[in-house]
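What follows are several structures.
In what comes next, subunit A is part of two complexes: it sits with subunit B in the first one and with subunit C in the second one.
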Partner chain A sequence: MAPSPCALCHTNRALILRPKNHQKLCKPCFINTFEAEIHHIITANKLFHRGERIAIGASGGKDSTVLASVLKTLNERYDYGVELVLLSIDEGIKGYRDDSLETVKRNAQQYNMPLTILGYSELYGWTMDQVVEQVGKKGNCTYCGVFRRQALDRGAAKLGVQHVVTGHNADDVAETVLMNLLRGDLPRLSRTTSIVTSTPSAVANAESGVPNHTNIKRSKPLKYAYEKEIVLYAHHKQLDYFSTECIYSPEAFRGSARALIKNLERVRPSAILDVVKSGEDMARLIPGSDERCGTGGCATNTTEEAGGCGSSQGRSTGGEMADMEKRLQQNDNAADHGLEVEITTMKTPRKKNAPKKATHASTQVPRKAVNQTMGQCTRCGYLSSQNVCKACTLLEGLNKSRPKASIGQVDAEDDETSTSHLSNTMNQVGISGD
Partner chain B sequence: MAAEVDPAEVQTEQEEDVEVIPLTVEFSGGLEMLFADKKVHAIGLPAKTPDGKASNIAFLVDQVCEHLMEDDRKELFIQDDSVRPGILVLINDADWELEGEEKYEVKKGDKIMFVSTLHGG
Partner chain C sequence: MDNPNHGQTCRRCGLASSTIVRSEPLCQVCFVKYVSTKTVKRLETFAVRHSEPDKERRLLLPLSMGVSSLTLLHILQGHLNRQIERTGRTGFSLHVVFVDCSIIDDAAPTVVSLRTVQERFPGPIYSTVRLEDIFKTQDHGHGETEPNDGSATAKLFALFSALPSPTSRIDVASNILTRLVVDVALSSSCEAVLWGDSTTRLAEKTLSETAKGRGFSLPWQIGDGSTPFGLAFHYPLRDLLKKELVAHASIVSPPLEPLVNISSSPAHQVAVSAKNTTIDFLMKQYFESVEENYPSIVANVVRTATKLETSTSTPERRCRLCKMPITEDLLGIHGWGGDETDAVPSSGAELGHGLCYGCTRSVPVEAIDLLPT
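This part shows the complex of A and B:
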């Protein structure tokens, strides 16, 4: 094959074939175009504001390394006026995180960004190695996902940062869209596809400017970037990143979705962005999504169950009557168990997570709308639609050496997007098996 | 036809048969773990395939699996007789799709890179 010239400069030899539009680019034009597109995403979505401190969730992997590099470049080039810091979570998995944390430490020097490493052990008193020792390899992703979610928020709060950016890319989002589709979990799509997720308290506390670990905004600047281009960007800019695979997690379901996406990409490279687009469009059609909810604050709520690219929320599938029925059901259940907690700002009473209720409800309300309402965990204060947040529930189980007490039904395959709500899990029992 | 062939020419052909093309093969993005955790390998690839065709990427991949891979999980590198989707192939830094993919005939000194995009951080 004769070498093709670059489609932009018409001078250099093309080295990159862009998956989204088949454009052939040379190395400098590719790097410029890649950066310009991320800049466009950031400005079009108004992701940052001047003076903002932003924590980059950094794992040492390709995505977060490219994110850190690109954001540093753009912040300098376009004078965003933001302060970038690195935040890494140490799950406490020997032979997995150790090496990647070394990479993050080098990145901190290379990009001249302060780095904070926060460990599960200091946050929760358990490393993942210890958790696995306790609960075994099956289901440990549940713990890891729930813990990581909170860990990033807690780390951000500790740093006095209100905004965390993560390296989720288009392939990740497409993968999660497919997973939610295959699980029949359409309500989760709107969160999966949102470029920004935030919490009600983020809105409430915006004026005070005092971050706590429930009001952290999340965004995904690489949401439209192909994994292929991220890897090529890292390669051509010779970025220092670390590739590894978690030693514990086979993540069978996510793995299958990933393989499907990659197979599709080979046949039709635009498929990845097309799936992302479809996910966005479907999210708009789903009752309880951002569009429909408006300012109600029901769709952009980030609970501790919400991972970087998705969560359960607003399972409104049955319309208003179903909502009402559900509420009544919840009232009944709440009364039955005498655990009602009144939160004045809430429209509906809290749901509770007593395992007993799980069986109770799953037989009576097989699949009904759930309007999540946000309150705070009575133990740790973390934003939660439950009395006790998911992490505290899991921890209680661990600490009582009864690790499988309440998580038996939780789907474990989805650690990045975290796990479902216990109450939702009741409804999902029949669907989410892997 | 065989009778008309100059014996010297036959000799030359035989020499070409064993001729090897020096190449650099690199594995990264987590793929190196299948190759004794070594990223860069300097190898000599026979210039011709057993059926006498010029060596191309398909043949290289085949040979690499046979001689270089130290892990028995071949499926992490190969799927349906080709490089697994999600693994990028760069021929002298250019996307192999710009170079004819598996049909690209390797040349002396080529640098062939296999980069996995499948591994996390």
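This part shows the complex of A and C:
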């Protein structure tokens, strides 16, 4: 078969089959197109303004590495006039972030961007290892997920930065759209489809001039970029990223949605983009969407390993589906028998240690979720449907029981207790990430 | 479903049970009653007390010869018989239309199988349309279709051979089918169409239409009530799972099974290779597996999607293929956030094509002129 010429320059030999539309391109044309599309998204959505300081949520993975590289290139090429910094979060799980943080440190040098690494200990006063020690290995996923959701915002506030960009790509967004349909969570579907999110308190807090974590703008410049193209870009630009996939299996709904997206892409390459398009259109059809749309400062999964979690020993794959099935069935039975349907949004699952509101996000009963209105946490001001946000609730529970832990409540099955306790103590003294 | 469950007794009557519905064991009699009640409950608006004796209300049931639409026919026939027994009249008269898709699918049922159905259920008024009739200008409503003059067939062939993938072909076929059914309903003065979609099927549709970029039209595609077509759609089987309908079809006597044509679901097409798979088939497979262990999750997907409200602005424009109302920003695949080209948003040509986002994905530019008007 004769080599086909590049569909754009018609000169070079085509080497790349574009995953998005199966166009045959040469390497330079692919790189150019990829960058031009991101530039288009940034300008069409007016994501940045001159003089702005922007923190890139950096994990060392392919998405955030490509994001950092592309933004640096575009900022120079088109003179955006923005200042880019890298922000990494260290959950404080021994060994877990070592390699990826090393990658981020190298990226900081390669791209000549300042890097700040903030630990959970600095943001919350607890490392994940300490949380595990406190609550046991079951249920710590809840903590990790909830803390992670706010970590970049809290981190940005510490840096005095008001805008955080994350590496969420089109696959992530499409996956989240399908996942929220499967979970029956329309408000969340709506929130994840918007390219920019910021909290409603932005105006109120602007007076003080000091950014706090309740008025951080979040955006996803790679929202329409295919994961496969991100990998290709990283490969052809020879970017230095940490390529190990998250070893923890995603929860069942996300896993299901992910598999569907992969299959859909195989059948029709545009399907990922088409799901994103549907998600955006559906967001406008959600009852009461006008008040909520665009202001729901909550990219629900604020790190690249969206479904993964640093320490998920206790995670039960499929459990989320079974739990939800059971709850829905109870509601149906109650309705069938003419009983008042009690909407048990915050029903606590089996965990004894966990504070009352420590439920996984997927345990929200959808019927309720549709009517829930987003307000603010009275403690920290973070966007929350409850009076006190999940992070504050979890922290309260942890802090109340802290003395007990230092007496040495030993988890029988945890043979690492003594070493992790040692490292906890060191953490409390304060390890600065940088 | 056909788990014998020795020792379990029916939750409703206490007899030995043979079927598990969701979590409850039911005997055969109570199970059949359950299926019927769930369906009839959805037809409250068409009860005898809501009909005037001198003004007949007509409803149209599109029959695919699949288990769901046959079940709906079976239940409605029984329901009408009971109305006659009780009140001497019925709340509505039932019309059945069979859409013959054999032109694009060798395995599809034909008019021959319709005769068997007619013998079993003699009550309704039957008619047939062929998929290619979409290219005939006259209305498709009145009973016998005139002999095909060949030009409509040729046009349909031309269109389908210009479509790039099995997904596109099935998508276009099901849009044509919907339009034909609507035409028949309007020309035979039916006020509503009663579709046979089960919960499972509606969940499949929710996700496959989402995957095809038609999230915007979901409220019209899965909700009960008025549609942009000028008549109402109802889904009386929306509270029943596909597996429940399958079990029911073998339990009723005589069983419906022999009438069922297995290939009559639009998502049919055994996946020979990944390349020949369709989006509809993927979703069908997916929900048939979810249905096994998580039936309430399937139902919840449908309940959730049904909460979506139709767009508040009522645009004048209709998509040329699916006929859904569209605003300018829904025309074509350009001019939205995910369109990363610097191309002029909704270029003139694209506006002229008049296809919605989803239909633009299914119909390549070369095939647009081959579409029915």
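For this structure, a couple of remarks:
The rule is simple: the second predicted complex is superposed on the first by the 277 of 434 C-alpha atoms of A that agree within 3 Å, B and C clash if a C-alpha of one lies under 4 Å from a C-alpha of the other, contacts with A are read in each partner's own complex, and residues count from 1 in each chain.
The rule is simple: a residue touches a chain if its C-beta (ideal position, glycine included) is under 8 Å from a C-beta of that chain, and two chains touch if they have at least 3 such contacts.
As the structure is a prediction and not an experimental result, all values here were calculated from the model.
Touch criterion met: A:R266 reaches subunit B and subunit C at once.
After overlaying the two complexes on the shared chain, residue contacts for A:A14 are found with subunit B alone; subunit C is out of touch. Once the two complexes are laid over each other on the shared chain, residue contacts for A:I41 go to subunit C alone; subunit B is not touched. Of the two partner chains placed by superposition, only subunit B is touched by A:H235; subunit C is not.
Counting residues of subunit A touched by each partner, subunit B versus subunit C, the larger count belongs to C.
With both structures placed on the common chain, the touch criterion links A:K24 to subunit B but leaves subunit C unconnected. Applying the stated contact rule after C-alpha superposition, one finds that A:G60 touches subunit B and leaves subunit C untouched. Look at A:L182: by the touch rule set out above, it reaches subunit C but stays clear of subunit B. Once chain A of one complex is fitted onto chain A of the other, the partner contacts of A:D281 are limited to subunit C, with no touch recorded for subunit B. Common to the subunit B and subunit C contact sets on subunit A are residues 263, 266.
By the touch criterion given at the top, residues 22-23, 165, 167, 206-207, 209-216, 218-219, 274, 277-279, 282-283, 286, 290, 293-297, 299-301, 303-305, 307-311, 330, 333, 336-338, 340-342, 357-358, 361 of subunit C touch subunit A in their complex. Residue ranges of subunit B in contact with subunit A, taken from their complex: 28-30, 84-86, 88, 90, 93-95, 97-100, 104, 113, 115-121. Subunit A contributes residues 1, 3-4, 13-17, 24, 27, 59-65, 100, 167, 171, 227-228, 230-232, 235-236, 241-246, 258-259, 262-263, 265-266 to its touches with subunit B in the complex. The part of subunit A that touches subunit C in the complex is made up of residues 36-38, 40-41, 44-45, 170, 177-178, 181-182, 184-186, 195, 223-224, 256, 260, 263-264, 266-268, 270-271, 273-282, 284-287, 321-322, 324-325, 328-329, 332-333, 366, 370.
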